[in-house]
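What follows is a short report on a single structure.
A, B, C and D label the chains in the order they appear, each numbered from 1.
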Amino acid sequence: MKRLGLLILSLILVISFGSKSFAMSKKDYIIAGTTDKITSLDPAKAYEYFSDNILQNIMGGLVKYIPGTTKIVPDMAKNWKISKDGTVYTFKIKKGLKFSNGDPIDAKVYAFSINRVIRLKQNPAFLLADVVKSAKALDKYTLQITLKYPYAPFISILAFTISYPVDPKVYPADKVYNGIPVASGPYMVKKLVRGQEIELVRNPNYYGKKAKTPIILIKIYREANNLYMALLSGEIDLAYRTLLPQQLKQVQKNKKFKTYTGDSPFIREIVFNVKAKPFGNAKLRRALSYAVNRKQISKEIFKGQVTPLYTLIPAGMWGHKNVMPHYHIKKAIKMLKSLGYSKSKPLSITLWYSPSHYGSTESDVALMIKNQLEKTGLVKCKVKYAEWATYVDYWTKGVMGMFLLGWYPDYFDPDDYMWPFLQTSASPGMGSFYSNKKIDKLLKKARTITSIKKRARLYYKVQKIMAKQAPYIPLFQGQQHVVAKPNIRGIIMDPVQIFRYYLLSK
Amino acid sequence: MLSEKIGKNIKQLVGDSSGIMFLVGLFLLIIFVIMAVFAPYLAPYSPIKPTGAPLLHPQASHLMGTDNLGYDVFSRVIFGSRMAFSIAAIATVVAAAIGIPTGLIVGYIGGKLDSVITMIMDSVYTFPGLILAIAIAAMLGQGLINISLSIAVVYIPTYYRVIRSQVVTIKSELYVEGARAIGAKSPTILSKYVLPNVLPSTIVVLSMNIADAIMTEAGLSFLGLGIAPPTPDWGYDLSKGQQFILQNDWWLVVFPGLAIILIVLGFSMFSEGLNEYLNPNIGEKR
Amino acid sequence: MRILLSIPMILIILTIVFFVLRVLPGNPVLAMLGPKAPPEIIHAMEHQMGLDKPIIVQYFIYLSHIAVGNFGTSSYTSLPVLQELLQKFPATFELTFYSMIIAVFIGIFLGSYAAYNFGKPMDIFARVYSIFVYSFPVFWFGIMLQLIFGVWLHWLPVSGRSAPFMIPNHIYTGVYTLDAILNGQWDVLTDAIKHLVLPSFTLGVVISSIFVRMVRSNVLLSLSSQYVTAARARGESEKKILFKHALKNSMPPILTIMGLQFALLLAGAILTETTFSWPGIGNYLITRISYRDFPAIQGAIVFFAFFVAVISILVDIVNAWIDPRIRY
Amino acid sequence: MSQENSLEIKNLNIEYLTRSGTVHAVKDASFSVAKKETLGIVGESGCGKSTTGHAILKLLPSNARTKGEIVYKGRNVLTMPEKEVRHLRGKDISIVFQDPMTSLDPIMRVKDHFLELMRAHKPNVKEEEVIQTASEALEAAGVSKKRLDNYPFEFSGGMRQRVMIALGIALKPNVIVADEPTTSLDVVVQEQIMEVFRHLKKTKDMSIVLITHDLGIVAELADKVVVMYAGEVMEYADVYNLYKNPLHPYTQLLLKSVPNIKIDDMELHHIPGSLPDLKNLPQGCRFYDRCPFAKEKCKKEEPPIFKVDKREVRCWLYE
């Protein structure tokens, strides 16, 4: 016993007089906190927000978005030419570009990277594989990409992480790379402890403006509660993705923190499987859409932190038009009655959701919609859930007739909010199985022309048809929120939702 | 004679600590049983409909406040007892219905079958039950029956082991030998001689298991593998309430948590007291 | 002997889990690739993962792989599962180790003092303690501690293993308290201990209820034995009788039961890890279940089974060390 | 009685509190043990003789309640602080138990038992000294000193009892209580153990309290005898007179009905009637049920101790 006491005492002494592990000025680093998790930092595999966002800070591509806008400008490409038929893209690449390890970045590297993505067939590969016929280096600084068909949003895809170049000397051509990424952006990864933290340091070989803060440490928390506690305790300088609505509301009143809010291109919707009974009936779908009170969902569950949405194209994007009917319960009741439903013979349906994929508010959303539909007195709505993997399986097999889904764009173009939802060959992937020849024609046409004005007009037409048919009930558009200590500068709420750690300073 | 015996037993029950424990446990259980049986009369509101503004503090109209959708917490706690009892009952009954006969028969037959089944049962028994239940619950999906079944699987070995080991001892005892000698058939021996001798200890195990099953269910619900909302369930409400704990909405966590604690306490005190009553304490010999 | 018994245990658990997971509805490849993936890519992936073979063939392939330590590749991260598990395992080990110490400490002291003071207030306290604590859901207790010591009092961190920049410079074992000492980073050590306090206390206290009960009844049994009276008749002091004779003689059964309860500890560890964002195998398992990451789920469960087996072997070794009758 | 007493028991009363009632195990027992004297306590099982023996070292379980005095060196052991009693145990008064199989700690070597014994009384004792003392004691009890490093499970029952005796005599106590030391051993071994006691009685200067139901052993070894029945001392006399002329009807029956003069439980049932329930004692004499000379008074009143010559007897016959 005595010996144990002595041991503890000496341990305490050693600890209190021991050396410190790191000595840095407080200005040298910023600590961010998140609840997101890394899957893979190989651009060929990364396909969810956080991994992509890290890549956006440690890598670059041919083109990039101007921070805070949706405007695309050249990055590693000096300029490019598009053939008249819109299928051949020829890029001139800047000279003297280097990876963080000193290896050069040139046209060969780009051709290698694009072909590698297509060969590896990972989750996001279809973005390139579906349209790219070939990619080759004409000379050291000239890259030629040939498309299978003219495709207007292609430049947007090039701004996405899937198109980032990787070092052929490090990344195997036929395998996903799991090591520490070789950087081409403002930062490089110094330390990666999965599920715990990621340390980013300046990339000494970066060709652009160097990152404002030498070190960014991103702490990963399991859930919003942990993130929030870390924020309140001062452990982190900023919290990005994702605090719970009630926590955000509370922290907004807290003078010790500053909250930044911006629109997110993320949308949520109810999907109807039009092949499943009784959802094949457009009138019934419309009736239900009248009964959904988006404002209540936004206000009570999300504390106003989402924006009600009445079309699939989010606000802030060209082509957006709120076309769907707003909440009108009397109309809903009238339509349901005209369809033959009554209090004694109500419409009996099941609403599905997935409990964790869209955060812990999801069950509340499902329950609130259930309650809203039942408020008509003519609907009996059951609520069921399935874990994500099962959920995906269910909707692709058409098991679920009515379910909640969300959409985060792969590239920033209205096409990405219309085609996957409404085009005949794409809609089964959304679980809707909706098909409309007129819409198919319009969407195809919108892909081949480049004029934004003309394309926007085509999308308006599509949305109008959609409003009548209601194969989806769009619910709301997300917002992005950053809560930071007041001394943190450089936080930009980007419409494309690229969070740029390299612009942060304090 | 009988009344005298009962009187003496009651006196003994109240007389010492294990008796008190038994009575307190019984008292708690009776309260929960009343809650479950008379839930519709006791609960002021429907547990599955919004009945007020969201996140009301405990107050006269909502004794335990409301949750973020405006559901009445008090009503949900009361109705939650039904869920706890149903799951625990189904799980233990299924486990017992499989474990007891298997243990009886396998223990009685013995031989290779015995060693194989016992090895399988022991493996499941040694393995962390919750982890197995998680895997099975994930497979079966939501719902009362499915959750109960995944919990039941975990407890089958418990019954099997208790019964088998007793059967093996009883089997060699004289009166069974005697019964066999006079030509009784195996089923007769099992049901007439072995089962009655094994049952008392089973009752204790059963009661302890119910407490365990309620805990496991709460754990599954907490991990998001339990009962689908809006069905009132303490474990789900607790995990949901955890999201509001930093806003000091303590009532969402405290009340369902207390309900779980008290019912588990009830069952374990009840079974502990019962156990000591059936197998008097070794300490007395000291 | 135990080693031989452990292999079928691991095998049986593995078999159950393998088939249970295969019955789950849903396609892991679809979950991985998303609904937008074209069928030919899905088929290619299924082929690559061996999912197009008959289930029984998949089973034997899996067994042969496990036998040589190949746990497969995670479908979620494409990392080798064994590598992921080995990275997570030290966290689980550290948590369970310190929880065990706390539980054993409470169990032995409270349990043996209760037995020694049979029927007295100390004994009643111990019994009330064990029965009360047993009724605490681990996660509920954890939340309460987080609330009190983290949110209200700000004494201790409430989640994770380390504060920013407080991961040991060089990872020797992955057990942060040990690595910090090996590195001589004392601030990292303090930080690691601070982060360990609440989770290991939560788990330790909840598990201790069973230990208290068990130690109490076993020590009661030893105390009533003749050799204890004999030792007393030799003039041995009561304290020494309690610890040298009664407790030491109760150790083999206690350790055996503790070994069995280790399973309970692991189950509790899953809930504790999720409550405290502890980046261990429990957390890993729960996360991967929703992604239907078969190799990861199976790997984690086999790992747990393996862990349980190792502990039971360890219990045997310690028992032999205590009890000469087993040793010879 | 005789000159100087090492131990004097006065009006010893022992009760056990149990869940089902109070057990009156010993009532008003008084006797004494002189220096170098051997006192035999005889009676059938459950008569309180072992309880009395254990009470001498204050080794009763916690639910026992005692009254009266056990005087050792002028002080009452029963009221002595626990700490002081501890120093008596093993050093001044030691005990050998009935069951050698369970009396040794299974996880300690023989040497450790001696170490423990001696450290308890002399904390800084050197190991060589312990080995020296232990060897002598073992030798005296007929065990080779080579076996000091063995564990209990490596010994036979008889050898274990020898070890227990060696432990009992190692510190040269004034009194050794032998609580049925041969009962659980087989006949051959019993004889060997008795041989050890004979040897001890001859060579060592200590008083022995020999608790047994073997009347032969008592006849051979004891100087004085206490006969107990149902918790009471029925007769207390020197061995010669007791055997020659038993006064109490119980003693008479014992000596008569048991030709090989051993009280075994089985044979005792030959005496008609049964032991009274110690939780629910009769009003009168406890031997009433079985006594051939029972009269009305015996049923109503409990007999006190009557002195007949230098002997004591609890029977109305000697009023």
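The working rule: contacts are C-beta pairs under 8 Å (C-beta built on N, C-alpha and C of every residue); 3 or more make two chains touch, one makes a residue touch a chain.
Note that the coordinates shown come from a computational prediction; the quantities given were computed from them, not determined experimentally.
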| item | value |
| --- | --- |
| B-C against C-D, pair bridged by the larger set of C-beta contacts | B-C |
| Centroid comparison with chain A (C-alpha atoms), farthest chain | D |
| Centre-of-Cα separation between chain C and chain B, whole angstrom | 24 |
| Distance between chain centroids, defined by C-alpha means - chain B, chain D (Å) | 52 |
| Euclidean distance of C-alpha centroids - chain A vs chain C, Å | 36 |
| For chain A, residues contacting two or more additional chains | 225, 229, 232, 356, 386-387, 390 |
| Where chain B touches two or more other chains, by residue | 138, 141, 242, 245-246, 285-286 |
| Junction residues of chain C, two or more chains touched | 24-25, 118-119, 146, 151, 224, 274, 289 |
| Residue ranges of chain A in contact with chain C within the complex | 14-15, 18-22, 29, 31, 37-40, 42, 45, 47, 121-123, 125-126, 129-130, 176, 178, 191, 193-197, 199, 217, 219, 221-223, 225-226, 229-230, 232-233, 235-236, 356-357, 386-396, 420, 426, 429-431 |
| Touch list for chain D against partner chain C, complex | 54, 57, 59, 61-62, 82, 86-91, 94-95, 97, 99, 102-107, 113, 116-117, 120-121, 151, 153, 164, 167 |
| Chain D partner contacts - residues on chain C that touch it in the complex | 118-119, 224-227, 229-238, 240, 244-245, 248-249, 322-325, 328 |
| Touch list for chain B against partner chain A, complex | 49-50, 54, 68-69, 138, 141-142, 224, 228-230, 240, 242-247 |
| Residues on chain B engaged by chain C in the complex (per definition of touch) | 17, 21, 119-120, 122-124, 126-132, 134-136, 138-139, 141, 211, 215, 218-219, 222-223, 235, 238-239, 242, 245-246, 250, 253, 257, 260-262, 264-265, 268-269, 272, 282-283, 285-286 |
